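Shown below is the structure under consideration.
Per-chain numbering from 1; labels A, B, C and D assigned in written order.
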Amino acid sequence: MATVRIPIERRFSDLDLLGHVNNVVYYDYLQESRLRLLRSLGRETVVSAPLVVAHQEIDYIAPLPGGIEPVIVETWIERIGSSSFTVAAIVWDSDGTLAARASTVMVFFDPDTGKAVPMTDQARAWLVAGLHTPDEGASSQG
Amino acid sequence: MATVRIPIERRFSDLDLLGHVNNVVYYDYLQESRLRLLRSLGRETVVSAPLVVAHQEIDYIAPLPGGIEPVIVETWIERIGSSSFTVAAIVWDSDGTLAARASTVMVFFDPDTGKAVPMTDQARAWLVAGLHTPDEGASSQG
Amino acid sequence: MATVRIPIERRFSDLDLLGHVNNVVYYDYLQESRLRLLRSLGRETVVSAPLVVAHQEIDYIAPLPGGIEPVIVETWIERIGSSSFTVAAIVWDSDGTLAARASTVMVFFDPDTGKAVPMTDQARAWLVAGLHTPDEGASSQG
Amino acid sequence: MATVRIPIERRFSDLDLLGHVNNVVYYDYLQESRLRLLRSLGRETVVSAPLVVAHQEIDYIAPLPGGIEPVIVETWIERIGSSSFTVAAIVWDSDGTLAARASTVMVFFDPDTGKAVPMTDQARAWLVAGLHTPDEGASSQG
């Protein structure tokens, strides 16, 4: 699948006293885009264990000033494991400046034990629909 | 140096609809504890280029529910490079539960060029005062 | 002038543990819509003293759940005084439900003394352009 | 009863690009202090309908800069009606500067109908315990 480009409106309250989107707020943009990506793949129809964020990392590349035009978060599923998957994201300013690269590992877990559980076949099929490999001709990275 | 343990009060607004501190808010706790660590080392007296977050990563280990007692962020300088340094942090719930581990790379940069610049000797001395190695007998990791 | 209808995207992080937009976040929506209203009137070309919020009040009428469609903040200048003006706002859910009514008093002030100062003629003309009276036939409330 | 003075720690993320606690964040401080006031009165033991914020207003008197010492929110129950009550609050900077005055009307409501419902006798007794009148010799304002 192609990547999904999700516009996120900046708010005045996203800016810190340097006039830039504060580094913490990038994670809010990532969360918002991740939820929209998963929803666009039809999350509400998927029977699965609940999901939680297990690991996240980000490289900040250029500051994001305030702006009227939305930030664009380009996002996709980049890896599908047995009980986890990785969502990749690139944050672009509205003028095309590369602002950040991030990846987030989500895990299916059992709320009673707090332990990871294997994903259902249905959940896997749901995620496969959003899988994107940088080289379109390459095989799945799963 | 020993690590520094910084209490951070939870707010109701930190909780998401699952009743846990939202994963985004952990970065606010990290930012707050990082600023307090650097301030405790005497930041305002240090002549240096401005600092920016260049990379950050976190492992979420256990959810943080709401609570009256503060979260404890244990934090320290774990690496000092030529133009960057790494702040490590462990987030503990008030009952001693390990909630997350994180590391944040900060870079001194030239605001005109946006490029990293070597830290001053004074900045290095400032950071060395907060350097902690897990094995006290070990040499500096810088 | 007619009122201005400003769409504001809800974020997952706007929701509290009841699954509703938290009462605090309404003020963020008001701030965002107020800034966009003033910008749409051409704020950056106005020579004036800085502005600060002096008073704000809100009536919460119906809860706002999460939603994909944006909240609509209908907003306008409803009063122009000598050194202050009032911005009125109605917050609508995307389905047309009336969620809240609010008014915000903004004051021009002298940053050196912290005291209110009379607005310039240019600032007055700027605000008059956004003045809306509920009864179109009525005279200005200023 | 006397008023309750609740310390709230400022966070770097509370500051906007003017270096002041953003006007929106005051409501977060109010929410936090209100919840702590009600909890200090023993909320968890009170059998009552759920509570919602119905009206809120604030007068901003002086800006709050960032600071290491906490803001103090002095708060009390100032009015008890049949289905609603009013929480008053004064926001003080740590040096004693008066920053804002606010009042918040809370309503007991029926979640099925969304309508206000009379408070239980137990809820009334709970609130009476936190009632404060500015003139100690005066009768209740209820």
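Just so it is clear, contacts are C-beta pairs under 8 Å (C-beta built on N, C-alpha and C of every residue); 3 or more make two chains touch, one makes a residue touch a chain.
Note that this is a predicted model, so its numbers are computed, not measured.
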item: Selected pair, out of A-D, C-D or A-C, that shares over half of its residue contact pairs with A-B; value: C-D
item: Rounded Å distance between chain C and chain D, as computed from the means of their C-alpha atoms; value: 24
item: Chain B and chain D: spacing of chain centres that average the CA atoms, whole Å; value: 33
item: Centroid distance [mean C-alpha coordinates] between chain C and chain B, Å; value: 37
item: Residue list for chain D, restricted to those that touch at least two other chains; value: 12-13, 22, 24, 28, 31
item: Graph class of chain-chain contacts, one of line, ring, star, complete, other; value: complete
item: Chain D residues touching chain B - in the complex, by the definition given at the top; value: 8-9, 11-13, 28, 31-32, 35, 39, 68
item: For the chain B and chain C complex, residues of the former touching the latter; value: 12-13, 15-19, 22, 24
item: Residue ranges of chain D in contact with chain C within the complex; value: 22-24, 27-28, 31, 52-60, 62-63, 114
